[in-house]
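The letters A, B, C, D and E name the chains in turn, as written, and every chain counts its residues from 1.
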Amino acid sequence: MIVDCAHYADGKRQHKGPIEIGEAAGRCNGAGGFAWVGLKEPSKDELEQVGKAFGLHDLALEDAMNAHQRPKLEDYDGSLFIVLRTARYDDAKEEVEFGEIHLFVGSDYVIAVRHGEASELGPARKRLEEHEGLLDAGPAAVVWAIVDKVVDDYAPVVAGIDNDLEEVEDEIFRQSSDSTQRIYFLKREVIEFHRAVSPLLAPLESLQHGAQPGVGDELRRYFRDVHDHARRIDEQVSSQRELLTSILEANLALLGVQQNEVIRGISAWAAIIAVPTFIASIWGMNFEYMPELDERWAYPVALVLMLVAVVSLYRFFKRIDWL
Amino acid sequence: MIVDCAHYADGKRQHKGPIEIGEAAGRCNGAGGFAWVGLKEPSKDELEQVGKAFGLHDLALEDAMNAHQRPKLEDYDGSLFIVLRTARYDDAKEEVEFGEIHLFVGSDYVIAVRHGEASELGPARKRLEEHEGLLDAGPAAVVWAIVDKVVDDYAPVVAGIDNDLEEVEDEIFRQSSDSTQRIYFLKREVIEFHRAVSPLLAPLESLQHGAQPGVGDELRRYFRDVHDHARRIDEQVSSQRELLTSILEANLALLGVQQNEVIRGISAWAAIIAVPTFIASIWGMNFEYMPELDERWAYPVALVLMLVAVVSLYRFFKRIDWL
Amino acid sequence: MIVDCAHYADGKRQHKGPIEIGEAAGRCNGAGGFAWVGLKEPSKDELEQVGKAFGLHDLALEDAMNAHQRPKLEDYDGSLFIVLRTARYDDAKEEVEFGEIHLFVGSDYVIAVRHGEASELGPARKRLEEHEGLLDAGPAAVVWAIVDKVVDDYAPVVAGIDNDLEEVEDEIFRQSSDSTQRIYFLKREVIEFHRAVSPLLAPLESLQHGAQPGVGDELRRYFRDVHDHARRIDEQVSSQRELLTSILEANLALLGVQQNEVIRGISAWAAIIAVPTFIASIWGMNFEYMPELDERWAYPVALVLMLVAVVSLYRFFKRIDWL
Amino acid sequence: MIVDCAHYADGKRQHKGPIEIGEAAGRCNGAGGFAWVGLKEPSKDELEQVGKAFGLHDLALEDAMNAHQRPKLEDYDGSLFIVLRTARYDDAKEEVEFGEIHLFVGSDYVIAVRHGEASELGPARKRLEEHEGLLDAGPAAVVWAIVDKVVDDYAPVVAGIDNDLEEVEDEIFRQSSDSTQRIYFLKREVIEFHRAVSPLLAPLESLQHGAQPGVGDELRRYFRDVHDHARRIDEQVSSQRELLTSILEANLALLGVQQNEVIRGISAWAAIIAVPTFIASIWGMNFEYMPELDERWAYPVALVLMLVAVVSLYRFFKRIDWL
Amino acid sequence: MIVDCAHYADGKRQHKGPIEIGEAAGRCNGAGGFAWVGLKEPSKDELEQVGKAFGLHDLALEDAMNAHQRPKLEDYDGSLFIVLRTARYDDAKEEVEFGEIHLFVGSDYVIAVRHGEASELGPARKRLEEHEGLLDAGPAAVVWAIVDKVVDDYAPVVAGIDNDLEEVEDEIFRQSSDSTQRIYFLKREVIEFHRAVSPLLAPLESLQHGAQPGVGDELRRYFRDVHDHARRIDEQVSSQRELLTSILEANLALLGVQQNEVIRGISAWAAIIAVPTFIASIWGMNFEYMPELDERWAYPVALVLMLVAVVSLYRFFKRIDWL
């Protein structure tokens, strides 16, 4: 699906609404400026049409078709192919959803291909269009706007995971329920998230240090800012990973504590039943000469004795905290 | 076994069907172009014959004889010796099978020696023969085609392991059976797979950066593509390794949970039997004056009392979730 | 809130008490020297006023507004933006409180923005004002004084955590109570503290090696001193992290030891009750010819027998250390 | 003990049998070529005699005296001092035995000092003497032959450990016996083995890259081969280390599984005894009106009832797999 | 306390017994050579006196006052400040005691400040005075002698820890007592020891490579020797750390094994009591027609039956190794 296609020159959009891809490519050749095409999960035909119009490299096009790339920045003789992994915290399912954005960047075009729901690029385009100064910097500014959006969208994911983490801590230390499964799947998500963020750092560093042409001094500062955010995210994710490992271990210890408590409680109750049973068994013996058997008071006394045994044991176990 | 032996010049195969090794070597000397020999688990004689015909280095030939090399790229005065480890997921046994491919690459020959079933090279040869442009690049193109095939064949292995991983997660969290052994052997496979993929990254990077002569700009882009796939595989394998470690720990915690449950259940049943036994023991005492013993209703009442005790305890333990 | 704003020239403060920000900026332009402005959790207006007066960069200003930055040193065409994370050990809560200090450093100004209670900068200013020689070195000396204060303030935090660690060791090895939760939250704090200290090392190293202009030889030695302190802190934090991991594991082992002891003790008591119960059940049998049943001495002897059994078992279990 | 001492020139040994050390040193000075002296656990006197004859450095001699060096390559103004750690798998004790070889290498001598049984150097000498071409390369060829022998001798050690590892896996997963101790000592050996192999990689790399004079192109290829073998060994050792860690964890989980089984089995048997005991206790009550007590069929029926209870419970527990 | 203060020139001590600090400083200025001052836990006055006499840097002096520095080598315009951490194994307490040595090194003085008991420097001074050749090399030789002494003194500490480690292994695998606490504190010591040794490697490497002036070729070889020893120590400490982690895990597994044994033993004894109790309960029933009750032989037979049950069960459990 083609979301938007526009021609920018002299620092602003040259028309309202989207135009045809062919027209965009043509305008750039003629009138200068650059085209910015936004696609969402495009069909093979759409991709090929765009590829032909702007002369994209086959290998990159092939990569853009399927959505399981690792974040990277590749240079094709002056044109760039950038892969970003997007992330979105789904509050309802308490899960992280991953997507991808592929960027083809030339001197007079930016083509953004989005897979998945995360990080809609509409707002990034709007922000840039309203901020004329930046558009002067050409396609590099668009790259910055998109990367900035993607990295900014990581923050709520980290916050969501932090929240889950705190819930899990609560569950565990209040021993309300078994959280092993939740911890495990949280860890699984954090590992995957780490795989989305971490390979992004090297390309961002190379953009910040001006390794790519067309990135001016001012823009490099903006990329440094994004790089810095990405590193903060990456450090937070690392901390979360380490915390989750510690939680799993703490969980194990708490299970041991809990088991000790259960065993103590059970044993206390066992003793509370075993002692009066033993008492009863004494007067169940069939000796001829058991003088107390003939006494009227003996039976009630025996019952009372049992009761006293039960109550004393109960109190005793209560005091040593086994019950 | 000699699988195929062909002479390529001017970007295409010069004949149908295989030719003799001696002839292939001779043609290259005379008419230009290069020979591509494919061997599968060759006998010592076959290897020596090929070695003599193309003048291969002794140390490399010795390495090619036995099939337990680590992935590497070695330079012998302009000729290269490359070792690749192949992998194949055996669906029936749910196991990963490893093999090896050894490549001797000179300016006018490529000799590929395959050990094990994984990564048949027929398709790679066919693809290259049908894609004339690439064959112009000479032996380096053949190297690319083979490495690309090997790395592409890693993907189903990763998928197979991912699938096993999900099955194991299911088994564990539904507590259907003990999966410790399966997790362990899965981890063992992942460790070995990592050893196959990881040492490949450095040689691929050197090919991508043009450290070897005879690798043109276009081909370097193709190697970059392969390198990128290999890195993705490597990152996935690392994640799997970490996940398997976490699963082992989660498994331990779940065993603790399970044990707590078993102990509670058992204790509940113990109580359910112990209480009526105690009741019976009371009226088993031999006191003279136990007035209720003489009552007609006493025995049925006692039985009912026991029943009530049993039912109440059962309900109680059901309610606190011990049963 | 503006804490203090002063103009320094010729190595000393040019006036008593704070002056207006505009005046400070003006004086620097006219009479040389530099301004040092101290802000605490400033409002957006205050920040913008300062930003305008000294011409600070937008991106840095934006960062200074919100207090969740990672420690860093950024260069904006000769002016620096430095983020420090401060820490304070709250004795009452036995918790570490984190804050932040953001520094804008130009050739004729230093603006310090503090978030959180930790590391008040008053003492650093006083120390520098009393130590005229250093003020000659200009803004870099102020940076040193502030960084030195922040790093010095880490020491009591490390000491506080060390103290907690020893308390936890005591608790665990005297098995007085379950410390899992405390260990976990201690580890959480140590991880966060590590995130505050560790990213600071690289900027400090670059200051020590004179990568920034305006840092003279003498001052570089002072920065080396701070760098060294920060590294010591960082190594201590790493040790604490590793110790906490070991404590969690030791805790697990001790729980196992404890459980073994509980099970043994319980079993001993079970035996002490079960044996006399069994003895009683023998004479509870209804055989006709049980000659001892008719003896006068039999019942007392039976009771004594039970007592002997109980006492012997008790002594036995005491001896093998199960009780 | 002096094992052998010979003078080599023009690519071959100049005499049969060993000669005197003094003579060997003299011949080299006079006639060119180089001396190769092989010592095994030499006395202090022997070492000093050799040291004087060839002018070895004091520090190196001191090191060679005691046999607990780390693998290294040290340069003393053109002469080299190399320490190698040898390893041998003792099949009888299933243990790895470590030894050391110290090499003094000058332009006209190689002195090899061996400690421990592993890696006898006789075969290396024989191989080199029979392979004339290599001896032309002088002392460097001898170094290669010795290092190659030492590294080749690592392979059976790795195989032996692999074998132990598989036996341990078998023991654990068949739960035949407790293997904790064996796993631990296996890990201890692997850690020590790693310390023998890993520091060797850097010196081998420097030899491969020709950092030492007197190592020609051909010989560098041979050193590359050795380096490659050593890296493969090192990677295998790393895998073994990781596997042993996983085995310890799997072992822990299996102990948990086993304990759950034991507890279930025990509980089942407890139930099987407790139920008929309870049944018996019912008819042990002394109520006056228990009509069944007077029936002739009652006792046999009671016994049958107990039997039925026992058999049903047994079957039930068999079915739910507790027995 | 000033331990010794001497003036060295022309490769030997110029006088017997210590001289005044002022005199030593004066002599060096006048007559050449260098002064070597040894202090032990000096008072502030003593340090300041020395500082003034030799013109030491304030920052270094401040560091030398308090004894919690990390090992380091700092350059102050040609003069060096070196911090070493010393270690001593206290056999009585089985603990490692740490101390510190601070060195101020100029072209004509070495001032050594020792904190703590470990690594007395008297022997190092004596050794150097008796070894004239080395003293010619000036202050650098003194640095070598002191560092060599400190590193040599690490060896008995490593040996002491190794010994403890073996004792712990013994305790654990003979299950004689709970060693968790001992393992933990051993690990704590190893971690601290690692912090003493590891930061020393970088300065030693820089001394070995001649990064500091005044270190001649011969002396560099001596520093290489020390560096090598320090690295061996460091590798041993790393191994010990890893072994201690493995021991903690093995300990956990052994606790599990032990618990399984305890539970089995207890259950066996429970069965041995429960079965005869059940037998007795059968004949405790009050049925009218229990023919065996009237037989003379019945009671002895019942007792024998119980005995047989007990003995058979005992033998059975012995055979399956539960007792």
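Simple rule for what comes next: a residue touches a chain if its C-beta (ideal position, glycine included) is under 8 Å from a C-beta of that chain, and two chains touch if they have at least 3 such contacts.
Since we're looking at a predicted model, the values are computed, not measured.
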| item | value |
| --- | --- |
| Co-neighbours of subunit E and subunit B - touch as defined | D |
| Least hop count linking subunit A to subunit D through chains in contact | 2 |
| Rotation angle (°) superposing Cα atoms of subunit B on subunit D, nearest 5 | 70 |
| Whole-Å separation of chain centres (CA-atom averages), subunit C against subunit D | 42 |
| Centroid spacing, where centroids are CA-atom means, of subunit A and subunit B in whole angstrom | 26 |
| Between subunit C and subunit A, distance of the C-alpha-averaged centres to the nearest whole Å | 26 |
| Sequence positions of subunit B contacting 2 or more other chains | 249, 252, 256, 259, 263, 270, 274, 277, 281, 284-286, 290 |
| Touch-based graph of the chains, sorted into line, ring, star, complete or other | ring |
| Chains listed in ring sequence, where subunit B comes first and subunit D follows it | B, D, E, C, A |
| Subunit C residues within the subunit A interface of the complex | 57, 59, 63, 68-70, 72, 74, 76, 178, 180-181, 183-184, 187-188, 191-192, 195, 199, 245, 248-249, 251-252, 255-256, 258-259, 262-263, 266, 269-270, 273-274, 276-277, 280-281, 283-286, 290, 292-296, 298-299, 302-303, 306 |
| Subunit B to subunit A touching residues, read off their complex | 169, 173, 221-222, 224-225, 228, 231-232, 235, 239, 242-243, 246-247, 249-250, 252-254, 256-257, 259-260, 263-264, 267, 270-271, 274-275, 277-278, 281-282, 284-290 |
